[in-house]
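What follows is a pair of complexes built around subunit A, which joins subunit B in one and subunit C in the other.
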Partner chain A sequence: MQPILELIAILAVIGGTAFSITGVLGLVRLPDVYTRLHATGKVGVFGVVLLLIAALLLTPLGLGKGLVLIVLLLIGGPVTAHALASAAYRIRIPLKHALRDDLAETSEPEP
Partner chain B sequence: MRYLWVMISLLPVYLALTANLEVSNLIVGALLTLFVAVLLPPMQRSINVARLPGALLALLQYIIVLMIELIRSGLQVARIVLSPSLPIRPGIIAIPSGTNSELATALSAHAISVTPGELVVEIDDQGVMYTHCLDASQPEEARLFAQRQRHDLLRRIIQ
Partner chain C sequence: MSAVLDLVLYLALAIHLGLLAVCVWRVWRGENVIDRLLGADVFATLVMAVLVLVALLTLNSLYIDVALALAALGFIGTIALAKYIADQQIF
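So, the complex of A and B:
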């Protein structure tokens, strides 16, 4: 049982690191705030969750603590991304290369 | 009675965090959760005990769907970021949540932010969710269908 758990943990470390790096790459490559939030808010959270699973298996963190942390991250990650995107839209940061913007049609004209 | 439900749902979290099942720890946990329950504003909705098992089953199904979506989301965004041509066609699309309940709208907004390539930017009074999509060229029917599925599942959970 022990070697299998270690194998899973090592795979989780590799996967988590890969996703974290991808998140940072996305932050550099994508054009504007909103698309960058896709990279950090999802891929980033996914990477951290995988690293936490590895930490659960390899370190004496404790199963309960790790699971609570993972659940809180999964709830909090998308909420953070939404809050940042909403704030960015309210201070009128423009979208780049946008195909359409349904929100611009409904929001009132600038004072 | 209304404190009891908050305590029942919070106590497992405390026990998981402390990883200690001794009686003294149980008492401390009960007191702490009672304190939190008193601080929280009273719940508007009443809990129907007969419907609780069905709601928990729906909640479990919802969590599994969310996990699958999260994995797909991670892989999809990773593929977009890693491909040399950066194939994105971003845009903001209005998706009606199909419900008047604030809780249901908030939960579907969370679910949308987890699904691949979508991120809720703004919600208006009528519950329309303005969603930023990495690929806004996809047909709208698919999005509306996904939202209807989420909505049905959510209604089974919170009624």
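So, the complex of A and C:
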């Protein structure tokens, strides 16, 4: 295996793991649901995608599948986060340390 | 595959298994239902990361197919549950 590919793969795996760690750390440390949603978006988008970049280079036949998986992740991640955030707001989970709540003024969520 | 790459891959796999344990703890100890659901969603994402790492370790791209299926189907469950929580009915 060319050393160049392996060097790129090593850096990609380290980067992916770093993003996964920060994402899960945010999941544990952050005060309320909405900020946690922000943190965990990183795990799905950057963590796994960087690992996939490494997998694209090294595994045989992995190129096409990896690209499709990257597209799926980049589509699915934000959609899930948005669905969870609107569900959390719909059942009126309080925003901790919230300076302003813009959504409250525009639309009154039905009881 | 050089030894350094193997070492990095095994280290990343160990770290991801630890993160999976943190996610299980978050699902077990979530404050409200959205936290638990979020923990389950991050659990699925981390399982995808583990699958990609195993694909890298064994140099067999079959595991990327498994991760592909998990990515396609995993987030539909989360969205259905989020919709059920928000509106008390899915359809």
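Definition applied: the second predicted complex is superposed on the first by the 104 of 111 C-alpha atoms of A that agree within 3 Å, B and C clash if a C-alpha of one lies under 4 Å from a C-alpha of the other, contacts with A are read in each partner's own complex, and residues count from 1 in each chain.
Just so it is clear, contacts are C-beta pairs under 8 Å (C-beta built on N, C-alpha and C of every residue); 3 or more make two chains touch, one makes a residue touch a chain.
Computed from a predicted model, the values in this text were never measured in an experiment.
Engineer: Quick one: is A:Val43 in contact with subunit B, with subunit C, with both, or with neither? Answer first, second, both or neither.
Structural biologist: both
Engineer: Which of the two partners, first being subunit B and second being subunit C, lies in contact with A:Ile10: first, second, both, or neither?
Structural biologist: second
Engineer: Mind working out whether A:Ala55 is in touch with subunit B, subunit C, both or neither, as first, second, both or neither?
Structural biologist: After superposing on A, A:Ala55 lies in contact with subunit C but is clear of subunit B.
Engineer: Look at A:Ala83 in the shared chain and tell me whether it touches subunit B only, subunit C only, both, or neither; answer first, second, both or neither.
Structural biologist: second
Engineer: Under the stated touch criterion, which partner chain does A:Asp101 make contact with: subunit B (first), subunit C (second), both, or neither?
Structural biologist: In the superposed model, A:Asp101 contacts subunit B only, not subunit C.
Engineer: Where does A:Lys65 make contact in the superposed view: on subunit B (first), on subunit C (second), on both, or on neither?
Structural biologist: In the superposition, A:Lys65 contacts both subunit B and subunit C.
Engineer: Based on the superposed arrangement, let me know which partner A:Ser20 touches: subunit B (first), subunit C (second), both, or neither?
Structural biologist: second
Engineer: Report for A:Leu74: first if it touches subunit B alone, second if subunit C alone, otherwise both or neither.
Structural biologist: After superposition on chain A, A:Leu74 lies in contact with subunit B alone.
Engineer: Based on the A-chain superposition described above, do subunit B and subunit C contact any of the same residues on subunit A, and if so which?
Structural biologist: 37, 43, 62, 65, 68, 79, 86
Engineer: Tell me, which parts of subunit B touch subunit A in their complex?
Structural biologist: Answer in residue numbers: 13, 15-19, 66, 70-71, 73-74, 77-78, 80-82, 86, 88-94, 109-110, 113-114, 117, 119-122, 124, 130, 132, 134, 136-137.
Engineer: Once bound in the complex, which stretches of subunit A touch subunit C?
Structural biologist: 1, 3, 6, 9-10, 13-14, 16-17, 20-21, 23-24, 27-28, 33, 36-37, 40, 43-44, 47-48, 51-52, 54-55, 58-62, 65-66, 68-69, 72-73, 76-77, 79-80, 83-84, 86-88, 90-91, 93
Engineer: Looking at the complex, which residues from subunit C come into contact with subunit A?
Structural biologist: Touching subunit A: residues 1-2, 4-5, 8-9, 11-12, 15-16, 19, 22-23, 26, 32-35, 37-39, 41-42, 45-46, 48-49, 52-53, 55-56, 59-61, 64-65, 67-68, 71-72, 74-75, 78-79, 82-83, 85-87 of subunit C.
Engineer: Provide the residue numbers of subunit A that touch subunit B in the complex, in ascending order.
Structural biologist: The contact residues of subunit A facing subunit B are 19, 22, 25-26, 29-32, 34-35, 37-39, 41-43, 46, 62-65, 67-68, 74-75, 78-79, 81-82, 85-86, 89, 95-104, 106.
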